[in-house]
Structure formats: C-alpha cells, structure tokens
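Structure incoming, see below.
Each chain carries a letter (A, B and C) given by its place in the written order, and its residues are counted from 1.
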C-alpha cells in the first residue's frame, strides 16, 4: 500500500524586494496512514512554510512553489487546480494554528462558526450542524458545550479556543491533521491537555498527524518519526527514539544539548550551538549549518551533504557522521568545543 | 548554604490593581496580582520563580524593583526597605539591583547606539566619564561575548540573542549585586536560549551575582536555580531547594506542573505517569475561596474550599502551602 | 561566534535605509508629493515676494481698476487697480507665517505639557486634562474674535490668538503618545537604571514620538491657513494694505458677480494650499508609519 502522504523534492521560495528567500529547498518524506510525524526546528527553518505550501496556503506572490510533488492519496496537490483544493483542505486534511484567535471570527459566536464549517464541508442542514457542533465541542472537552456555543471567541481562554479549532478540524474526519505549533502560546498544564486531546482523537479517528514545533519535549511525547529541519533542509530524519537517543547531525546534537534534563542530579553544563540561525537571503553553497558547526571540514564549505543512512530508517545530512560519532563517544564535552567561548 | 548571608528579603508583599466600574468609575474590585508573598534570597544564589501566565511572577519583579509601588509589604535589599524610600533615594540604590527583560526587541531604544545605551547609566551614576566610560562599555561588551567595536551600532543590526546580550551588558553596567531575569530566554530560539543561560551562569560565577530568575520554562529554571518558588494566582504555593522541588514536589500543583512538562526523551515519556490538570487558571479578580488551587486540584479536601493553607516549612528549607500536610501521615 | 558575526556585513546601511524606506513610502502618495512640491514653491514665492513680484503690492492706479487679466497684469487688477499677481504673492507670506507659527507656538506650549502629563500621570495629568477639556469646550472662533479685537488686528496678534487653542491639539496628541511610550520596555529599563526623569523624557521618549509630532504639526497647518483666511475675510485678520488671500476675498465681495478674477484667484490659492498641506501631512503619516511601531 502506498503511503498517505508523499512529499518529493518540495521547493518553496519567496521573492521579496530584498532578494529571494529560499525557504524550503527540496525536502522529501512520506507519512503512513494514522502515523505521527514531528517536524522540529527553529524559527525560519521552513518547518511551517513547507506544510502550508503543501496545502497551497502560502501567499502567492511573494511565495512560489518552485518544484516538487506532494502526493496525498495518490493525487498531486501541487498540480491540483486551486478551485479543487477545497475538497482536500478542510476535508481530508485539516490544520490547526498557533494563534486560534486569528482564525476565529470575533463577532460570530462559537457555535455558528463550527456549524458553518460543518455545513460547508459536509452539506449538513443548519440544525443538524448545530447538533453535531455540540457533540464535537463536548468531545474536545468543552464543559457545558450546549450553553457555550452561544459565547464569542473572546469569552474563551487560549486553551479553550484551541479546543474549538480542534473541533472544527476533526468535524469532517480528516485523514491528516497538521498541527502548526498549536501549544506554543499556551501554559504547560494547558499544553499537556491539548497534546493529550489530539493523541486520543488520533487513536479514535485513525488520522495521521504532522506536529510542527520547536519544543523537543512535545515531539518526544507524541511523535513516532521526526524530521529535523535547518535552513529549509531536512538535516536529520528518523524514528523519534533513535533521534533522541543517537542523534547524528551536529545540529540535532546541539539542539538536544540545549535543553536541560531536569532529572539529572547536580550541575550540568548545557552543550549548545554557537552563533545564530542563517540569513535565508544568502544561504551558503555548502552545508548551511557549516558556520555554526564545531565539526566542520573543508568539504562542508564546498559541497552540500545529502541525507545518508545512519541506521534503520534513520538519515542525517552530514559529511562527517562517523567522525562526529567518534568524537561523541570520546566524551560528552567535545560537542561543546565552542562552549568555552560563551 | 543556610548560613549564607541574606541579600533580599520580601515580606508580605502585595500588589492590588483597582478594577473600575459603574457610573462614576468607582473602584469595584481588585486584581490581586501579588497577594502576600514572602521569601528571601541569599547572596550569590539563584532563586527561580515559576508559574503559569497571570500568576503574578512578572508583577512581583516590577514591585521588588519599585518600578511599580507595592500596595503593602516590605522589600529589604542590603538592609534598606525599598518600599519606604523616596524616588530620588531609590535612584542611587538602582546600582544595586537590575533587571533583564523578556523581549530583546522592545527593551532597547531603537534610536540609540548600543554604546550610548550602555554608557548612559555609567555616566548618570558617575561610575566613569569620558574615555573611561567608553572603555567600560567595551569591557562590558566583551564580557557578554560581543565584539567591543559594536558599540557604534544600532539595535536593529543585531539578532535576538545578541540583543539579549546587549540588555545584559546594560544591566551589568552599574555593577549590581542583584539581578532580576524576567523571562530572559522565552522569546529566543532553542539553541540561543542555552547560550544566554550559560552566559548568565558564567557571569554569576565571575561577578558573584544574585539572581531572581523568572520563567515559565521549568526545565531552565530547574537548571539554573539553587532554589525554586512556585507561584499560583498571586501566591507562593511551594518553595525549596531546586532538587527537592523536582524530586519530591509536595504541592499538587507543583506535581502537576512537572507531570505536564514534556521531557526530551521518548522512552521516558512513554513510561511517565501523567497528571493532566483540568480547566484553566481562575481569574485573579475573584480568586477561589480557601486554597486558590482547589478548583483544579486532583486531591482536594473539604477544608481546602474554606480555609487558606499557610506556607509552612515541612522539611528543612522546603515550604509548602497545602492542607494535605496538616497532619503527620 | 566571532565568525558568525563578522558575516553580518554592512549593517550601517540598515539604519540609514529607514530614511530611504520612509521616503519611498512618502513618495508613493501622489498628493503627498504634490504637497511637498507646492510647499517648496510657495515658500520660495513668499520669501522672494519683494524681488519677484512685478509691482509694489500697494501701488494704486485708479486708471486700471478691476481689469481682467492682460499681459501687463497677468491675473488682472483689483478695485484699486493693484496688481492681483503681486498681491497673491505677498499673500503667501501671512498664510505661511500664520500656518507655521501657530502650529509652532502650539507645540512649544503643548509638547512639554503633554509629555509631563503623559509621563507623570497623577494629579498633574488630571489638571492638564481638565485644562484641555476647558479649552476644547470653549467656542474658539469667538474667543479668537474677541482676542484679536482687544489686541488690535495684526499678523502677530492673530498668531497669538490662534495659538490659544492650537496647543490643545498638540498637547492631547503628545500626552497620548507619551502615555504609551511610558510602557515601552526600554523606558522601563531606563527607569530601572536610575536615569533621571528629565533625561528619560529627552533621550528615550521624545525621539520616539518626534516623527508623529512632525505629522501632528503638518496636520495643524491647513486649519490655521483657513482660520487666517476667514478672519482676514471678516476684516479682523491681516490689516490692509498688507495683502492676504482672505482679505482679498473679502474685498472682492461686491464685485465678484461681474469681475470673476478678483474672486477666483484668491479662492484657488486658499483651496490649493489647504489641500497641499493636507496631502503633505498624509504623506508624512504614511512615511513614519513603520518607524513609530518599534
């Protein structure tokens, strides 16, 4: 059976007046039905743009899909007519965003908004849709849903609004849910509620989930497979357990080292990454992580590395995978060759 | 540790904001942002202050520094009660206490070169003048890991992480002993966060600084702090040694916070027991009667809805405000 | 680290480009460009009027009263046979003088009061607010009328009288801007660093709101131009024989049915000036838009 989603060499660029921003540079991955993929990276790494481009949700212009295929259920979304996209968006693929307030109409009550989505996407009558809305809101954990449908978005807390967005998203039983940093602006305890909710809905509806975040903890909690992105490239991909236990790309190693582990006794030193994320207007010719990499060699400067297999289903785009591993094994401090220069 | 000298004592600190309503804008209610908070910070240590948004941790910082005057209470720094001081007396004491802001994009004046911004307090407080002031600016820039020749540039030329370093240099320009770090890393990228936290740690060792480190990032607070205070709706619910708070959290809220915190380890995550709190933080305008956490507490007792539990020392250097520990078990 | 940083090349240009960007935004509006060009021309005309005007402004010639435009008198002559073009050129002087100085005096009074009220708040703010309320509630046209009558009409007294109410607008604007600037993190940082209030206002608050002040100033000009024209029309503004557009209109009163030129040209001057200054102000607003939202 072919996978639910196959992304092949997706390239996205933005043509701004300062120059061309190559936001996504030929990424490929696939996702099976019901599976969970985590995409992790820092701001501007292309994690969000790649998913929005897939649904053709980026503003064009300045944005443009430069090439590649996005096969969803065997249909190429990139070549699909704009008019036909609505059968996919809000139907088979649903999205939830970081800021639910931006997606909700402030002068329309919650019930009407969810019901509207249901009427449009599923062709329910208004009464059926309202009935279904209450069911859905109850399912996503909004107490006294039948009363709260009359409330307006500002009367809901951030967590509750995100629940409303989730209710809208699952209303037409999508096969794929794209969650674009949905918990970033929420408090820890509310974040845990939302993560739990999405996980239980995923089991119930059998949908696949792509979870975009910069929080490695959230990824560890819910993703089965992880793509690590940097400067528009997937620089490491693999099963979550492998990536967290045996990261191979120096960026992934640095990223994991940047997060303190609370269960470690006594003092620990964070092994972090030097420098700042790259200027996307002028990407280096070689490896884009080269300027921040403590392991870089001559080759990294000149040639861009492709993903090489470093394990079962596990790939890293680095010329020096073996050398990095050897130095890691020699002692944990080596990764922070730069740490003395804080 | 316990015998170390106390640098800052906060006693029964309160900050209420009037809520106006009705026809003539009469005060109808109060937002109790900080409600009877007491703690001490010892010289050279880091006290972490954690809590969710709206729990009053940022207000606590502002009130300690007297950027907003408290409604009641004492803030004693080096033996001076800041709350009793007039504005001009306070001004000279500002060399002893500083703050690092959350947002590096709004905390620097966009129309001032960073050199001018760092030199301003040095000159105002008469720490150095002329060339000596320039030299001091260069020294501070080097100390926070920036090039000394950046002094002539404007904030817009720097990245978020670099700006935060500039903010740190400016705070350190007056040689403060006590620095409040108000969510200094929460608007930065993950890889940059670690750079800044390590810088703060290094500066602490180098200059013997005392920190009040405010954050909602429990992992970072646990990493940088010697002691942690957990705030909920304007009150401290638990306070103690960082490791104790992590290993043996006593308050159900602290326990839930830790449980909600995702760890960067999928295997650990699979095994972990989850306590998922229900609902949201209630409004600080009319906080719940009794224990403020009673509406969300998984282990709530009858007494919790009526009587507010006091913060009591249950074990050496470990205080908790919870009725669960009223009787020895 | 040093490597990563040295890669950020030519950063100085970024700050300079703020001005370039502002200019680009300004230029985008046709009305703004028109306003700017008009302002430059009218300023030149006003300053150079004694040199470039074809006749003395007060040369009366009863032989050629109310002539329509001819080659000798391009815009015709008025009821005393004075050259219209000359008088319109001279009329630009009181227009600009009143338009600009009224705004300037208003700023001189309104800006310090507004900054202090906005920054200090409390009782001082309350007092200033009530003063602003009082002055905005007064029927200012009547007030100006009385004042000019008491002080005797002249350009300077006109400016003084108009300034009595013009400070209210700038005060209110500055107070609002300062009030929000007080919340900026870098202003709070300055307070935390023990910078004296005076220095905070001068170095942190004022530069931040200065571009908007420029805009506020530009928006006040059309009103003053109108006020000058109106008062001079009524005969209590600029005193003859010094010409002013409003005054010329007033004198055209009885003749305009038969001699269109005495009416049309001064009216055009007033309308175009008001429009041009409004365009200028609007362009300034667009130009500073981004700079203000730090």
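As a working rule, a contact is a pair of C-beta atoms (placed from the backbone, for glycine too) under 8 Å apart; a residue touches a chain by one contact, two chains touch by 3 or more.
Keep in mind the model is a prediction, meaning the values are calculated, not measured.
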Centre-most chain, if every chain is reduced to its averaged C-alpha atoms: B
Most distant chain from chain A, judged by the mean position of its C-alpha atoms: C
Rounded Å distance between chain B and chain C, as computed from the means of their C-alpha atoms: 49
Chain centre separation in whole Å, for chain C relative to chain A (CA means): 54
Inter-chain centre distance, chain A versus chain B - centres from mean C-alpha coordinates, in Å: 31
Residues within chain B bordering two or more other chains: 145, 162
Contacts with two or more other chains, residues of chain C listed in rising order: 1, 5, 8
For chain A, residues contacting two or more additional chains: 274, 276, 341
Complex interface listing, chain B residues touching chain A: 52-53, 145, 159, 161-162, 189-195, 197-199, 202, 216, 218-220, 222-223, 243, 246, 256-269, 274, 276-278, 280-281
For the chain A and chain B complex, residues of the former touching the latter: 42-43, 157, 159-160, 187-193, 195-196, 214-221, 223, 240-241, 244-245, 254-263, 265, 268-274, 276-277, 339, 341-342
Residues of chain C touching chain B in the complex: 1-2, 5, 8, 11-12, 14-15, 18, 184-186, 188-196, 199, 203-204, 207-208, 294
Complex contact set, residues of chain B against chain C: 65, 67, 90-95, 97-99, 101-103, 105-112, 117, 120-121, 124-125, 145-147, 153-154, 156-157, 162, 167, 170-171, 173-174
